[in-house]
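The two complexes that follow have chain A in common; it is paired with chain B in the first and with chain C in the second.
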Partner chain A sequence: MSCGTKCTVQEMRKAHKVLAEYDYELGKVERGYNNRTLYVNLSDNRIESKAVSQEMKDIFIGGRGFGLKLLWDAVKETTKWNDPENEIIISPGPIGGITQYPGAGKSLVVSISPLTGAIADSNVGGYFGPLLKFSGWDALEIQGKAQADVIVYIDGNSGKVTIEDAPDEEVNSHILAEQLTEMYADSESDKRNVSVVSSGMAGQHSLMGMLNFSFYDVRRKLARLKQAGRGGIGTVFRDKHIKALVVKFSNVKGDSNGPADIERIAKAGLKVHKELHDYDDVQCRMRKQGTAHLPGIAHDYDFLPVHNFRYGSHPEARKVTGIVWEQLFTQGIPDGCWYGCTMGCAKAVDNFMPLTGPYKGERVTVDGPEYETISCCGTNLGIFDPHAIVEINFYVDTYGIDSISFGTATAFAMECFELGLIDKNATGGLDFRFGSALSVLEALHQMARGEGFGRIIGQGVRRMKKHFAEAYGADAQLLADIGMECKGLEYSGYVSKGSLAQQGGYGLTLKGAQHDEAWLIFMDAVNRQIPTFEDKAEALYYFPMFRTWFGLNGLCKLPWNDVEPADNAETDEPAKVPGHVQNYVDIFSGVTGREISKEDIIRMSEAMYDFQRLFNLRLGYGTRVHDDIPYRSQGPVLDVEYLSRADKYDKELKEAVGFDPEGKTVAEKIHALKSYRKDQYEKLKDAVYKRRGWTPDGIPKLETVKRLRIDFPDVVALINKHAK
Partner chain B sequence: MKIIGKKPELCTACHACENACSQAWFKVQDIGLSCIEVREAAAGSGKTAVTVCDQCGECIDICPVSAISRQQNSIVRISKKECVGCYSCVGFCPASAMHMHRNQLVPFKCVACGVCTKVCPTGAIYLEEV
Partner chain C sequence: MITVNGETYPWQEGMTVSDALKACNYKFPLIIVRIDGRLIPRDQYAVQPVEDNADIKAFHLISGG
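Here is the complex of A and B:
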């Protein structure tokens, strides 16, 4: 029985009806694994335990790998994101949950994406993954759809899983996470033992929904939020009528992950703690600014997105550089999103008062903004007002949408408005010129309500391109050139026009246009370390494979290279940060007892990387054409863009293209440069596919999957089918 | 508050203080389990460095679970019950006076109990009011 909209947490809990209950035996984590995963089906309220085999651990490792394995077994080649058999899988990986090494509490989330139709994976902080593991489960696999909003509650203290009808709780995350933390904790000191996964109102009205993972901040005394942003998994979550997932485990200790050799892990962790203590203030200032230290650097090196990626810098960028955020963030509080992360980049603006929307005038704590939100929801929209950026950040988070997709999709809509491709009829009267912060916020509130132009933006760039062409007769080629998406996923916040390798870093990816596989702008465009196609291909082999490994193990990428050992510059390959690679060898071996080398890291990752590529193929994607990228990410589309860097482009035309720009119109020069750069990108594809052991169509070869030990019968059949 | 004062120039590196400390707190004589540390200041220097907590409290703000606090007597203590064994405090101690040991899941530090000062034969360490 519902108690209405204004009830207490106790009354809300009373209104819960238990739909299914499952008792299980508590266990002890051994060498990073429980050797079982938890399966929950919301259509028939079934809860089961599944065994994890040795082969699954050897090949799929954990985290994203477990997600891929479970999802592969659960879906068909025809499965769409909103079919009941699609799943959401959350897994922390074998290292996830150790407290001795910074950045070791990540959860990896896998599903079929509403934006791309292919596989989405997302790496997120917060306490859910580690507490899930210590509660006895290496992964949580959710299938089916509930009839009405439910909560799945895992009580790792008593060994019980319940599916509970939850009619009264808030949907928006900053309130819901607080309500559920209070509801399931026994006391104030017990609150840090509870973690909540939730989305928000916009998650259910858009295709770019994200998931918030909570971690209770014992000093601020509130549930903080980290985001599994990319790919629209929050939309899948709300489509399944999940209001929240809650886990509780109350006895986290230094050995809860059951490591084989804790001393080896602690020694590696201590090195990084000391590096952060000694060098962070003169390196990245992650402890004071988080990733918000980046806008100034991006502006200086001309890769800060401005006005839908037209430009890489802007005179007003100084208003959003690191020092501005350092002053806004509350300092002196450990801001790690899991225990032991002394990088502590999860910064927050406290006592913030929104000026718009349903929470106008209230005092809230805003998690972030991080670099991606500052760039995608700020500079790329022509917004340089920190308060407006924090307000957008607050609402995208609590409404449960990905700030990268929201920002980039909004930037596209703004440019279409500026170019006259759409007008106020399309925007419902909103003035959508660059810089119109209030219009952006209104669109955001509309998205949460499922109304108006905000609902259109929430469909993402790919669908907006089609809609604007069909409904308003907009120039389809121009839309294709300026619509910043690849595979259906919106670009993150780096202008890649100056770096061919970074163009590949965005396009030659698994899940779409994001930078977490390879960030090569400095290596390629600034330091000129990878001049040839072969060099770039090597970088687009090594770095995506290396970074995939973080996702298999429950690790964060940032402590790898956002702090460096003092002697890193003197090593053979500073870009790889060899000292920290050795740390990862040590902590993997220290947890699992399985001795590995740094080469094994690449081998483990490559197997999962190629498996995910083949999973995309199985779903109808994963070939060469799906690695195409919009020309805006490769070069100047508009006259103003060309003219803003005319000397550089003229020089390239003369020296590299063999085209004399003298006396030519800007349009002619843009055309010549476009032909050349598009051809360069195709050559890059050839080189990268070859290095990865793939066919010219971008499909892993049979000999490659055999080498990687993923030549399962259905994988071989899939490859053979496409070879015909 | 009381802290352990030190005059390293008087130290003969007999390690009696370390053995007394580990005996008092861990019931074994193992200098790896001592909260006070006596080592050569620099290789070949012939000088001795004595490392011990001065109760500055910087570790309090580093701890992610607020397991470290200053007591009424101003001494900084770790709650073993709350500690999650991350060793952030060990890495961030400005005096390198927070310790860890392979057999201990939580770090340990000097609480100025003074047991070490009683066995020092030269007066190199002593309880001091600051």
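Here is the complex of A and C:
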């Protein structure tokens, strides 16, 4: 029976009704694997164990690869994000959970995205993935829909999984994670053994819901949160009526992952620990600023998004540079989101007091802000007040909203308001000019309540474009040009107008406009290392394949290249950080006992990369047209944008386009540049598809999938169907 | 004149690598500099002279992102 909203944690637990129970044999992780995954169906309360085959390990590796394999087997080509057969799969990968190397506790989450209709994958810290594995499971696969809010609890100490009706707990994450950590821990010292996955109120009222993964901070004595942000998986989570997932495992040790050669892993780890100790203060200052060191750099190099990606810098950007955040973050506390991470970049603002919303006046700890939140929810909205950015950060997290999608969608709405495409009738009276922090916060609170203009923003840029055109008669072409989404996923926080390769880094992707496949702005636009289409295509082959590998193995990308070995400059390809790539070879082999080379890393990733592309194809996406990007990502849309960099654009027109800008109107110059740049992007597509072994329509060729050993009968049938 | 990543900049008597990077507004901490193909150690940027007509490659490594 429910005890209402004011009950104690003990009373809340008493109100739980166990809907299903499953006892299992505790196992021991061997060489990074348990060789089984956990399946939970919320429609019929079924809980089962599934075996992991050698082929699954060899080809799909783990993490995102396991997610793709399990989801592929679970859905049909007609499955939509909110169909019961859609799944959420969480897997840490074989390396995930080691404590000897920084950034080795990641979970990978895979589902069909509400925003894109295709596959979403998201990489997140916190303790859930490693504790899941040490509890005996290489992945958690959730299918079906519960009747009412439930918690799935995995007790890795006793070997029991339960589905529990959970009526009384809070939904918003900063409270829910605390409640459940206290509920399932036996004592204060036991809290570090509990991890919670949750979303929030906005997760159920928007398409951009995110998942928070907790880790208990023993120094602050509270549950911290890391986010699986991209693609709206929090929305799927709440649609399934999942209030939370909880795992508990109480005996994490240095060898819990069962590595084949722990000395080899420790040796690789020691090198990076020393580099962080010796160089971080003069390199990226990750230990003091986290990724918040980037806004100043982005401003200096003209790729900081300002006013919906119109501009790459702003005079007020100095208010949000790294040193400002360094002073706001609590220093002197190791901020790793998994044991052994000496990079420790999960910075936090403590004792923050929100000025708006349901938690107004309370003291809270805010995880972040990280670069993406500062840029997407700050500068891109014309907000340069750090306190306003922290408040938005707090609420997007606890409400379970992806800060990137929220920020970019809000920036689009603000620009539409500024341009007169919508007015206060559309915004419900909100003044939505750039810089209106209070209006942004109000829209965020509305989103959490499922009301007003906030609910509209929560549908994302793609649906807003359609809505503004249909409901208000807004210019559809202009909306298409300034609406910063690709495949339905909102752009992350980098202005790509100056780099054709980065335009590909956003467009020629699997899940949409996220920079986690390739970040090439420096190589392309500053270093000018990759001038030809073939050079850019090579970069758009190597980096996405290399970075995919982190997601197969439960690794964080940041220790790869946010600290540099002393001898990196002397190597042949310093941009790849060859010393660290060798470390990854060593830790993979050290964990699994499977000897690999640097080239094998690319081969392993490429198989999964192409499999995901084909999965998108199976769901009705994954072809050339789906790699189109908005023109704002390629060049200036408005006169003010052109004029802000007129010398540069005039020079390009003269030297590259063969168009004399002298005496031409700005509109004529924009038109000429647009034709040229759009053509360049199409040529880039051709070059990249060729390098990746795909057809001109962007579909992996049969010979490519054979080479990658993913020529399963249904994959071959899919390719043949499209070849016809 | 000097050339940095293909762009020309005015040369000045007594110019160092740090001066050249400053002239380009290059403030990123992870930059590898080669002058006419020769690698310059990072701790020498403040004192390493840059000759007139030098061809400088200032490779910014990927970070963040």
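FYI, the second predicted complex is superposed on the first by the 724 of 724 C-alpha atoms of A that agree within 3 Å, B and C clash if a C-alpha of one lies under 4 Å from a C-alpha of the other, contacts with A are read in each partner's own complex, and residues count from 1 in each chain.
Convention: a residue touches a chain if its C-beta (ideal position, glycine included) is under 8 Å from a C-beta of that chain, and two chains touch if they have at least 3 such contacts.
What you see is a predicted model, and the numbers here were worked out from it, not measured in a lab.
Once the two complexes are laid over each other on the shared chain, residue contacts for A:Gly336 go to chain B alone; chain C is not touched. Of the two partner chains placed around the shared chain by superposition, neither chain B nor chain C is touched by A:Tyr472.
Once chain A of one complex is fitted onto chain A of the other, the partner contacts of A:Tyr301 are limited to chain C, with no touch recorded for chain B.
When the two complexes are overlaid on their common chain A, residue A:Glu263 makes contact with chain B while staying clear of chain C. Contacts of A:Tyr542 after superposition: neither chain B nor chain C is touched.
In the superposed model, A:Phe712 makes contact with neither chain B nor chain C.
On the chain C side of its complex with chain A, the touching residues are 5-6, 25-30, 32, 39, 41-42, 57-65.
Of all residues in chain B, only 61-66, 83-88, 90-92, 100, 102, 105-106 touch chain A in the complex they form. On the side of chain A, the complex with chain C involves touching residues 282-284, 291, 293-294, 296-297, 300-301, 371, 494, 515, 519-523, 526-529, 561-562, 564, 568-570, 574-575, 577.
The touching residues of chain A, counted against chain B in their complex, run 99-100, 192, 218-219, 252-255, 262-263, 266, 269-270, 272-274, 276-277, 332-334, 336, 339-342.
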